[in-house]
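In what follows, chain A forms one complex with chain B and a second complex with chain C.
Here is the complex of A and B:
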């Protein structure tokens, strides 16, 4: 019972519903991340939303299925990459100052405010933070789910 | 004895905070008009200049990622450290590995 319940999955209704809703949650999270400079939300919120889709996958299909899809090294590398992209965007305008928004003042991302390609490095930073939050929360959840066992 | 002292200290701090939060002595809530100009001039600046300075229509994102970017770096670092600590502590012990 103990070992089985750790690695087993939910019933067929839950699995089918999860198959339908996980893409929707993921797309909504991606929308929140990519429109962080236009509408409420942003990297942290959208990343947490996408991580919710991942956690739904973990709960509905079980740890056994998750282990096949989840690569610890990839997720760690992606989390670091998110942080590095964030720092790199902050350093782009280092000629003037740290966090100088050079992409907005004279770069390619200087469209009309309110359009997707505006606000300088804000969309890229949102994507980086969203990636970081998603991968970080997923590695933490999988680490908790794979915890040794319940009894000593 | 110690617990009583701790509870009294908590009660004292709570009472002090209640006094501070009283509009007649300290904090004011629901500012508007002249009080807004006097106490919230930084917010007023962000609202007026955020669009031209940063270019995003979401003022919160403008502040969090541009005006106060260092804060967000720290926040991301806190998240990174928390995840790293959790993953490091939750690894299997050496004698538990099959």
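Here is the complex of A and C:
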């Protein structure tokens, strides 16, 4: 197979369509993440959707353009930050119990059920999981795409 | 057409499609064709999850199965061969 096929980018039509589509996919993924406690979806689904936008960027613009935009240390740090935010939200109500939803019982996020700020720590946990899934999947995809075939 | 008969017809078509696409995914010798059959299998499985009223699982299955695993398999095939090797 052609070894340089991923390093070069696609044609004009694909790149223009990707420029128009990537923000839409990103906004829809952010909607799925942030409304995870109201509508179907959540952290993993929204994170996988945004990672799909990242894969579209990788396929449309090529690996060379992806290497300029992709920072390995930033993505690794953000993945750790997502896990830490999840753990921190779980330990907020540690005075009562682990995973005690203190942001809903006596916190700011105790709105009427059905509204956006009505689930305590759940939207924050969804954001953390979405960030972690997105950065992890993008790191894995870029690592696989940058893998070079060894010489026999 | 009431809902029960429509539900049953959808279930029958989904079952046939799942079996056919799974058999195709393991019978194809060309690995790219096998990956495409797996993508079709994931799409039909996502439809089945939606019919069974689990939209959360359907979104996860569609996003992961149609986009991520297909791209990952194609990147892996690009680094190796696209024909099945029998040793």
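As a working rule, the second predicted complex is superposed on the first by the 145 of 152 C-alpha atoms of A that agree within 3 Å, B and C clash if a C-alpha of one lies under 4 Å from a C-alpha of the other, contacts with A are read in each partner's own complex, and residues count from 1 in each chain.
One rule holds for everything that comes next: a contact is a pair of C-beta atoms (placed from the backbone, for glycine too) under 8 Å apart; a residue touches a chain by one contact, two chains touch by 3 or more.
Not measured: the values here are computed from a predicted model.
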After the chain A overlay, clash or fit between chain B and chain C? fit
When the two structures are overlaid on chain A, which partner does A:139 contact: first (chain B), second (chain C), both, or neither? first
Touch test for A:101: chain B only (first), chain C only (second), both, or neither? first
Could you tell me if A:40 is touching chain B, chain C, both of them or neither one (first, second, both, neither)? both
Regarding the shared-chain residue A:147, is it in contact with chain B (first), chain C (second), both, or neither? both
Could you say whether A:125 touches chain B, chain C, both of them, or neither, answering first, second, both or neither? first
From chain A, separation angle of chain B and chain C (C-alpha centres, steps of 10 degrees): 50
Who touches more of chain A, chain B or chain C? B
State whether A:83 touches chain B only (first), chain C only (second), both chains, or neither. first
Which of chain B and chain C A:114 touches, first, second, both or neither: first
After overlaying the two complexes, what is the shortest C-alpha distance between chain B and chain C, in Å? 8
Which residues of chain A are in contact with chain B in one complex and with chain C in the other? 40, 42, 44, 137, 140, 144, 147-148
In their shared complex, at which residues does chain A touch chain B? 36-40, 42, 44, 76, 79, 83, 86-87, 90, 98-99, 101, 104, 109-110, 113-114, 118-122, 125-126, 129, 132-133, 136-137, 139-140, 143-144, 146-148
Taking the touch rule as given, give the residues of chain B at its contact with chain A in the complex, in rising order. 51, 53-58, 60-62, 64-66, 69-70, 72-73, 75-77, 79-80, 82-83, 86-87, 90-93, 96
Spell out the residues on chain A that touch chain C in their complex, using ranges where they run on. 1, 5-6, 32, 40-42, 44-45, 48-49, 51-52, 55, 59, 137, 140-141, 144-145, 147-149
Enumerate the contact residues on chain C facing chain A in the complex. 55-56, 58-60, 63-64, 67-68, 71-72, 75-76, 78-80, 82
